Amino acid sequence: MTTMLHLVNKSPGERNSLDSCLRLAKAGSAVLLLEDGVYAAMANATSAEAVTACMGKLIFYVLGPDVSARGLDDVPLLDGINVVDYGGFVDLVVEHDTAQSWL
Amino acid sequence: MTTMLHLVNKSPGERNSLDSCLRLAKAGSAVLLLEDGVYAAMANATSAEAVTACMGKLIFYVLGPDVSARGLDDVPLLDGINVVDYGGFVDLVVEHDTAQSWL
Amino acid sequence: MEPWEEDGPETVKRFMYVNRKAPYGTIYALENLEVVLIAAAFDQDVSVVFLDDGVYQLKKNQHTAAIGMKNFSNTYRALDDYDVEKIYVEQESLQSRGLSAEDLIIPVEVVAADDLREIMAQQDVVISS
Amino acid sequence: MEPWEEDGPETVKRFMYVNRKAPYGTIYALENLEVVLIAAAFDQDVSVVFLDDGVYQLKKNQHTAAIGMKNFSNTYRALDDYDVEKIYVEQESLQSRGLSAEDLIIPVEVVAADDLREIMAQQDVVISS
Amino acid sequence: MKFGILVNEGPFTHQASDSAYRFAEAAIAKGHEVARVFFYNDGVFNSNKLSEPQSDDRNLVQLWSQLAQENGIDLVVCVAAALRRGIKEEVLQDGFRISGLGQLVEAGIENDRLVVFGD
Amino acid sequence: MKFGILVNEGPFTHQASDSAYRFAEAAIAKGHEVARVFFYNDGVFNSNKLSEPQSDDRNLVQLWSQLAQENGIDLVVCVAAALRRGIKEEVLQDGFRISGLGQLVEAGIENDRLVVFGD
């Protein structure tokens, strides 16, 4: 068994990528939200429910540079999501055996 | 008041374009499903419910060439959806004052 | 449209520019804004709509240095200088994203879907990207 | 992976090619298939997965003459000639689209999400487009 | 009736240009006029004459060019979108011209309909 | 650790190439090796040397080229994807080379990780 890092770069308000990732990611996997995927980290958006429901099962990360670019520094993010920079993104890829992009 | 033709070219299984179109199209408007939008015309898909709910309010068309390309000639389409070819597409644009593409 | 314009030699059409995509993830937000700024120079009736993820384009406080892309959010402020005054944001899109008008970089008219539906139905030309 | 391969000089990795997009609307289905056909020539453990709108790629009876695009659906039949035998289709994706294995152009292994989850978790390299 | 068309995507990755082309062809067949096609966003790639599809595939760069020359269609490539994407006169297919975004607005003003094809 | 990277989109329309570039830069800064970046689908446009972004915008064609030359990264453009999109030697930026899809599979075999950036 390998350990997996799932990458989601699409907004849950536009596409189904996050839903599919959450349905098919194995318990214990990591999920990194990047690019437009970072909108899924917003605590007060209706999409928060799906992510919250998986909090015990998956470990969530969000790419800080994409959060700042989109003006979300002043918006509450979901508790339990870890913010990383590009270096942290690299570390996550190193720490997991496989990276799967939900394109 | 103008009459509107709404164009939806994305699959309801991937994006929210159809939902937004159905929410914002005025009663009496026409909706043409084309490209990957034609999957919304499949009678047995779960997306059928949203289209069926708007059948009284909107007039639905689907682009036949895109239906055939995707192998849907042998699949039941929703009752009340009119199949047109590219010529019929042109006629729809002519018959309505404005065309709005849900990109 | 004013009465004298109806009688003038030039047709005035109602143009609506529709934004449904988030900024930075794709270029559509930026390139659609470039169209609107050009369009403002023509004597037409221009309105701009932000709905679905398009509302994110107007989020205050964008800082793009760390992603290396140009921050174009301040350019929306130029819409006012260009006399583009009909700027609509769909209320339902804002709400479902946990945002309100105070989160936006420019003053806008927040309209419910029921009202936006009527506004859209009055347009002559709709340009989306 | 067979025991003697573990000891060989060449590493055998588990490669999974994931298809989540419909054909013709975008080129990703076609270009991803081109990758798989090349990948088959390398001695790796190859599997191909179709889920979400990707299941539409395998729909029987595609006729593209009227849209003027090349019908590449028959090329999926070549996967068998290239010894690509692990072809998975997610059951939930098929069902929600009102389709079944009989609608598909090639024989596949229809797997429930619960099983696909395990298969995905065993891959070394995942290529999606 | 006079049509303007806006194409926002290139000739391969999305079907937008295919659909726009089939639409234009059908409009002309019905006796309408397609006055202008404006290429914006990745649509500017429709004018790249270096494009070389496989021999059994359609070649939209040539198809647009031919349709335009036979029917007097004005094919306009947005200069700003083209510059950043590396589309310049030296790779421009015959029948296309590079110009400003004002040509898109004009296409909306001067034609009876503007139809948008994109992603 | 040795990384392979796959970029499926061009340098402007989607953020994919930006993200891939920032990732590569960060990996190198941490002492890892980026052995190969493979450009597929619209990703082939990242190699177009005619690309001329506005002066206050980033130029990913040059950024990739510089990063590769400074760090010995093999930048490979897929020949099949490039041909249909009109990317040929005559417009190819220094530091990129055109080759077959086998180079992508090899990048998956020979590197410790393959990371995919796309739409």
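In order of appearance the chains are A, B, C, D, E and F, and numbering begins at 1 in each one.
The criterion applied here is as follows: contacts are C-beta pairs under 8 Å (C-beta built on N, C-alpha and C of every residue); 3 or more make two chains touch, one makes a residue touch a chain.
All values derive from a computational prediction rather than experimental measurement.
Novice: By CA centroid distance, what chain is farthest from chain D?
Specialist: Of all chains, C has its centre farthest from that of chain D.
Novice: Could you classify the chain E-chain F contact as same or different, where same means more than half of all interface residue numbers appear on both copies?
Specialist: Copies use mostly the same positions to touch.
Novice: Averaging only over C-alpha atoms, locate the centres of chain B and chain F and give their separation in whole Å.
Specialist: Chain B and chain F have C-alpha centres separated by 38 Å.
Novice: Please work out the Cα centroid separation of chain B and chain E, and write it as a whole number of Å.
Specialist: 24
Novice: Based only on mean CA positions, could you tell me how far chain E sits from chain F in angstrom?
Specialist: 28
Novice: What residues in chain E touch two or more of the other chains?
Specialist: Where chain E meets two or more other chains at a single residue, that happens at 8, 12-13, 15, 19, 22, 41, 54, 57, 114, 116, 118-119.
Novice: For chain B, write out the residues touching at least two other chains, lowest number first.
Specialist: Expected reply: 9, 13-14, 16, 35-36, 65, 85-86, 98-99, 101, 103.
Novice: Multi-chain contacts only, two chains or more: what residues does chain C have there?
Specialist: 24-28, 52, 67, 69, 125-126, 128-129
Novice: Pairwise, which chains touch?
Specialist: A-B, A-C, A-D, A-F, B-C, B-D, B-E, C-E, C-F, D-E, D-F, E-F
Novice: Can you list the residues on chain E that touch chain C in the complex?
Specialist: Residues 6, 8, 40-41, 80-81, 100-102, 104-106, 108-109, 114, 116, 118.
Novice: Note which residues of chain E are touching chain F in the complex, please.
Specialist: For chain E paired with chain F, touching residues are 10, 12-13, 41-42, 45, 48-54, 57, 61, 83-88, 90-91.
Novice: Which residues of chain D touch chain A in their complex?
Specialist: 18, 20, 28, 51-52, 92, 113, 116-118, 120-126, 128-129
Novice: Which residues of chain B touch chain A in their complex?
Specialist: Against chain A, the touching part of chain B is residues 13-16.
Novice: Over in the complex, which chain B residues touch chain E? Could you list them?
Specialist: 7, 9, 34-36, 65, 85-87, 89-91, 93-94, 98-99, 101, 103
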